[in-house]
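The structure follows.
Labels run A, B, C and D following the written order; every chain starts at residue 1.
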Amino acid sequence: EQQTREMAGDTTSLHTLLDSLTKVNNSSERASKLFQWFVHPIPSKSFFRDTWEKKPLLIKRQKQDYYKGLFSTAEFDRILRDDNVQFGVNLDVTSYINGKRETHNPPGRALPYTVWDYYESGCSLRMLNPQAFSSTVWNVLSILQELFGSMAGANVYLTPAGTQGFAPHYDDIEAFVVQLEGKKHWRVYNPRSEDEVLPVVSSPNFSQGEIGKPILDVVLEAGDLLYFPRGFIHQGDCLPDAHSLHITVSSYQKNSWGDLLTKLVPAAVEIAMEEDVEFRKGLPLDYLSYMGVQNSDKEDPRRAEFLSHIGSLMKKLVGYAPVDAAVDQKARGFLHDCLPPLLTPAEKASSVYGAPARWEDGEALGLTVHVRQQTRIRLIRAGIARLCSDGEEVSLYHTAENSRVYHKEELKSFEIKPEHTDAMEFLLHSYPKFVTVSSLPCDTAEEKRSLADLLFEKGLIHTADPLKSE
Amino acid sequence: EQQTREMAGDTTSLHTLLDSLTKVNNSSERASKLFQWFVHPIPSKSFFRDTWEKKPLLIKRQKQDYYKGLFSTAEFDRILRDDNVQFGVNLDVTSYINGKRETHNPPGRALPYTVWDYYESGCSLRMLNPQAFSSTVWNVLSILQELFGSMAGANVYLTPAGTQGFAPHYDDIEAFVVQLEGKKHWRVYNPRSEDEVLPVVSSPNFSQGEIGKPILDVVLEAGDLLYFPRGFIHQGDCLPDAHSLHITVSSYQKNSWGDLLTKLVPAAVEIAMEEDVEFRKGLPLDYLSYMGVQNSDKEDPRRAEFLSHIGSLMKKLVGYAPVDAAVDQKARGFLHDCLPPLLTPAEKASSVYGAPARWEDGEALGLTVHVRQQTRIRLIRAGIARLCSDGEEVSLYHTAENSRVYHKEELKSFEIKPEHTDAMEFLLHSYPKFVTVSSLPCDTAEEKRSLADLLFEKGLIHTADPLKSE
Amino acid sequence: EQQTREMAGDTTSLHTLLDSLTKVNNSSERASKLFQWFVHPIPSKSFFRDTWEKKPLLIKRQKQDYYKGLFSTAEFDRILRDDNVQFGVNLDVTSYINGKRETHNPPGRALPYTVWDYYESGCSLRMLNPQAFSSTVWNVLSILQELFGSMAGANVYLTPAGTQGFAPHYDDIEAFVVQLEGKKHWRVYNPRSEDEVLPVVSSPNFSQGEIGKPILDVVLEAGDLLYFPRGFIHQGDCLPDAHSLHITVSSYQKNSWGDLLTKLVPAAVEIAMEEDVEFRKGLPLDYLSYMGVQNSDKEDPRRAEFLSHIGSLMKKLVGYAPVDAAVDQKARGFLHDCLPPLLTPAEKASSVYGAPARWEDGEALGLTVHVRQQTRIRLIRAGIARLCSDGEEVSLYHTAENSRVYHKEELKSFEIKPEHTDAMEFLLHSYPKFVTVSSLPCDTAEEKRSLADLLFEKGLIHTADPLKSE
Amino acid sequence: EQQTREMAGDTTSLHTLLDSLTKVNNSSERASKLFQWFVHPIPSKSFFRDTWEKKPLLIKRQKQDYYKGLFSTAEFDRILRDDNVQFGVNLDVTSYINGKRETHNPPGRALPYTVWDYYESGCSLRMLNPQAFSSTVWNVLSILQELFGSMAGANVYLTPAGTQGFAPHYDDIEAFVVQLEGKKHWRVYNPRSEDEVLPVVSSPNFSQGEIGKPILDVVLEAGDLLYFPRGFIHQGDCLPDAHSLHITVSSYQKNSWGDLLTKLVPAAVEIAMEEDVEFRKGLPLDYLSYMGVQNSDKEDPRRAEFLSHIGSLMKKLVGYAPVDAAVDQKARGFLHDCLPPLLTPAEKASSVYGAPARWEDGEALGLTVHVRQQTRIRLIRAGIARLCSDGEEVSLYHTAENSRVYHKEELKSFEIKPEHTDAMEFLLHSYPKFVTVSSLPCDTAEEKRSLADLLFEKGLIHTADPLKSE
């Protein structure tokens, strides 16, 4: 507690914090601490209890360096110069003038020569997927995703003084607007109706006449944070005297109970049909004559009976719902969405990335160094991997080979053989504790070693101490 | 009652019966009467109450001409000669010798020269889709499909004396084996387990050791009927002294409550997500850490809470289930599966097919004859069409342009304009009564006439009296 | 000679002619005789020498029954009534009024009730593919295709008095307009330029201002014939006093030397590259710096050298051109386009279609009857099959299982084994002579018999005398 | 001359050479000089006259550092460590033992821990596409591709002492084997037949018995070069006392006269059909009866006539062959294959990549700096772009946005407006001279400036002096 407060305290810059987090011995805890710093001084617990998915929150800090180091316009310029930023893919050039929203992307690469010209002429710049170009953004999001259990994304927005780049609208994600430089005037509006509370899809652009009066009208300054749930309409514009740079961190897209049910209930019907003859019995011979839209106004007692039978079957479905399997289906989607972990130096040194195997002085060296029975191992991150069963086979899905570019790689997995399943589960549940290879619940020492070696090769585990040549 | 008994009586041949059915004023009633004849002397009502989907039934008649006219080996030969029967598409050549089941189809057209050669060498012949070649089979199935509310199909089997063509197996349909010529020895076995009662898919071929002892061991003779539900294993072989010809009429493939739920529950989730914010709320932040297969043995109170919330949401789903829309989705599948109606001469004469428009003596004649306000109209068949709503639009789906070849045509439909919807529903519900065009609930006489003319052109309605030139 | 003149003479109606053709012992000869009747009194030889692909030809006969039996409006009405004619697929409803060409096809089946209504209101009717519905048209075209060596197609046009159904245009086929009933006023125009002589694709609709003055302005009456080559612009309209029915027989679509070269020259390059190292040698290192559009105005001696080398390689290509293989590729396209043969009763009786194998009196009979060594056989038609080599394998492509509907069936073929190749070629070249099975150049009697039986089963050969039970 | 000899002289290391090449004012000249160094002391001119595509060449240098800096095992190790090298995509693990060639790629990323283990157990490593990971290899290949006018590729091979990694085979490319470290024993064999001289596709693996006796049997040591044309069979194995690292530089895959003809002749036929009625005339009515494989042995005078006409049409084709357009089609393939240029610091500074537009001190600066009428410009590389005409439009295709990964990007192009075409051609032909914007042949100063600005933005031109703020 004390430690957290200190870390999150006034004098802590982001890079000091990230550095101190490398010493936190559990990636879930890292995530909690980082999020706590994010919403400081609101305790995360109260944030998630009172605010999350419920209402906007403004944190004014009067500390313009609070988020310093997360991203800057200098880094924006550096990225344009050094990286292959493509208009329309990684960068959008937009304007919103007199109620008209336009996109001005030319084809091809976005170089400073062209981009700053657009900016100077009053266009806003939106960098999509900054985590692909900025290691700090990558690091922060890859830590936060373990807290959310749902993809953490980000966009960066740079807006010239006196302009607005986007029309009022709402999104389908929880949004954390982090003001990095300059100032921006924000207006936030309630969802327009019950149907638009926590909506499933983003809205189109609204006209000013469609959105009512703001419930929040505020100027964000560097160091401030504005949070609002999906469904809350918002618009931001720059005052005449200052440009604005902010990053919006987002999460919880398609992560609702209904999204889980979408995967769960078809599977439940399938299982019910396999296991319960009631679901396999034929429909009544004559049901088409009283059911269906053309018969929906008919006063036919058979309709009530039919509906009641459907109702009782649907209730019975609960008993066949493969909840854990559906959660795993959802989890696999999340694992595919995840950023790969940005490993700390110590994690690198104690994993396959730091293994002593190397070419040196004209020969391959360090080849005898492997995990052994007494080597102490654990997962390299709490959320790096997940054991799922796809029918017959058990597979381990993992994020170690994901790309910083969204879905550029397929979701990676490999089979876990029956003799390794218990040991794999044991390892997953042991985290954050290290365990010796010999303690893995396998039948033979060779099986223990081969599982440990496989996981080590794939970069999914690291050792308590770096492997060394003897 | 009396009339039915007579029709189904001993002296009634199929063609006399079909002829008398043309005078029955309601296609649903025709279907009932035809089915009653089929299972005579068992009353259909008791058949469907006691036997259907429950257990096999054998009807021995000692009347070898009972089903005469339905199909014959002579017709089989005629079809091979006159129609484009393709091996592997319309005809299978099979054998089952010493426990080995084989298919012997050569490529190309099946001509008598080749087919009878296979038969003589001991192969069985299975004609798929005989309704495409035999008008009587087409007629019978197209009538029965209105009773079943589910596709009625058929296969014909011709087996040489002393041979067996197929291995023991069970099917995914209700089967009516109608012995047409010769004799066949049948053995029927109980489903092997609860899981195979009313199964969803057909079985592979079984060896004799896998199927236990028959519950029925009988010789079918011409005129006899053997019914068994899906899941009951069966095999038939010819005695050394007689070949066998039978037709198997089938129905109720994928027509269970579960099949309806497969369409219903995903739609229910979608609607619940639109209408009820409980379904749109986010999943718990940490649910991936205690749910999923890798956590299924964990004793964590959050698991019970999660499962309980899933349970209550699934129960709530009942309230959002669009049952009529799902029935219509199922109904559209059935309409697509349907055989087109085989119209009686009277139906032809009083429909578009008998309209007086024609070319005669060098000019087009009969063009002034159209439906008028006082014309009395009704659907040409109870099951010819169905009114469904696909979101915005209301459409009428129909079977009038279906093909005798399964799914050769796309399902046909056309839009019913808002001003015609009530009248269309009125017409559907009026059947079998004729109503005047002027009685249709439309705002104007022109709207009434245009709907009637559209339906007449499409062949969906007929008139109480043939249209005549004045 | 004498016989031909008589057959084509005034008193010969089409059906008498077709009947007499069944006695002509060679299908190529049948084709010649039928075509001679078609263009009578012009000798075909002079027609093909002086007119074909060169200029329009009008034959006025003053014999309105000359083409009687080919097609009629009565048959048009019968087809609409009995066959599944679909608007937009088999029938187009068109108009051309005040220079505006329109198509009025509703969706669905074209029944007399609807079709004659359109006709009465002044629309023209074009039946596409009448050969699918009319046996006579099928018969005539299937005979003519053997003359043309290129698909023979047809459309039927019915036009109300005083109207025009189509705008002026030219086609990509040789057209024979056969006036069947009534009268039609035709105007034919020269190709507009050298580039439009024998064009590869049809023209769009022209306005009257684009086409110059007609070179032919004539009224066709029943019994008359109008021929014009592809590229000649034409338009036809009905006089106020008479409707018109004509059929246009067409051929030679994409059947030019260039179409053959399109298949030939890429194959020639491929072979040259395999066989001649000159074609495999590398291009000059620097050719991109002086060749290409951006360098086409450069005065660089290397350009001339490069072009000259290309020229000499192209000339060398002639030596590698696989002309026979390219002709076979073209021939396979033609075989796929072909109508199946309409067999004469005698052809049927002496082929697999008339073989005595049958079901009779409860058993399969006539099964011992097969082709034997002394059986005399020949192809059932000159153009029924073609032997082609696709690399390793030799295959026989044939039209016996083609459909009357264009390309409804895939092109059919089967492998001819090496031991049958010479015999197959022998059979192909023997036509129209019958040869005994024993005379086939195979090594063994069994090989001779098996080839003959295979071809007999496929319907490709017939026997000098019908096979009979002994 | 003098300068070249010095540059290529004994004491010149690769990096000194590459550095001196940055001062060579013409990228084609750079390519020549680099290639001269490559094959020193053979003059390139004699190499291309006497050896290229003709016979193997061995250059023994006794200078093991001659190619130093091009690639090393240390760099191999560095790449495995730092870059995302994937087994099967970027790296192959192979062995050839007792005549059996095997590939041992596991799935996933190739890390030193795994790779060196395979190496130690005797497997060879082949790195595909090292240019994606090594800037020097990228630089060298991107320079050489301008010499070859054809893609220059490379593979790196690391082989343990006493092993062989590949079976004898021949390739479809000109190969330059550059020995970098250690030693390798090579045997080179003549093409087995005329047909395998300069072959179009690579061979399968040969057994030792299929390849005859070597014409070259030699040990390559670091600094040595072995060249052999496509079609020459080769195999290399390591002596027991030394491992081997070599890089094979390749070019001229599918770059033969025949490859150009493959694009040219179908286009020639198309044009001939448009322009010359002889090509549109119909084939003879009866050609199918004497042409084709089944008639190829016929002695029919019509065959000779047919073949002769085909021959004369093929010769006529030369006159219609669009050589420049076909070259451009080939050139576009090459541009797509090309590596992007690795710009020198001076090129960067004087191009869009060095333009002063930037973010600094909270604002966008350097925005007023653009090319002006007096600015002197030229293409940034001779081969960076090519002007092609695709029918109506003229487009500039270029390599500036290509990827170092083969075909990862689509070929890039943009339209050149009619008013810019002459100026674009002028610029292309002016290289390597700088020209002022005002000297571009456009109608207006604004047109000149807009073309120059477009090309500058795309990175295709640079300026004689870096653009500076005024």
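Following the convention adopted for this analysis, a residue touches a chain if its C-beta (ideal position, glycine included) is under 8 Å from a C-beta of that chain, and two chains touch if they have at least 3 such contacts.
Given the structure is predicted, the values throughout are model-derived calculations rather than measurements.
Note on connectivity: the fewest chain-to-chain touch steps from chain A to chain C number 2.
Note on chain placement: the centre of chain B and the centre of chain D lie 64 Å apart, centres being C-alpha means. One inter-chain figure worth recording: chain C and chain D are separated by 49 Å, centre to centre, where each centre is the mean of the chain's CA atoms.
Centre to centre, using the average C-alpha position, chain A and chain D are separated by 42 Å. Shown here, the protein chains touch around one cycle, each chain meeting exactly two partners. Those residues of chain D whose C-beta lies close enough to touch chain A in the complex are 73-74, 76-77, 81, 107-109, 111-117, 119-120, 181-182, 243, 352-353, 355, 357-360, 362-367, 401, 412, 414, 456-459. Touching chain A in their complex are the following residues of chain B: 28, 48, 52-53, 147-150, 174, 194-195, 197-200, 252, 255-262, 264-266, 268-270, 272-275, 277-283, 285-289, 291-296, 298, 306-307, 309-311, 313-315, 317-318, 321, 323-325, 327-328, 330-331, 334, 382-383, 386-389, 425, 428-429.
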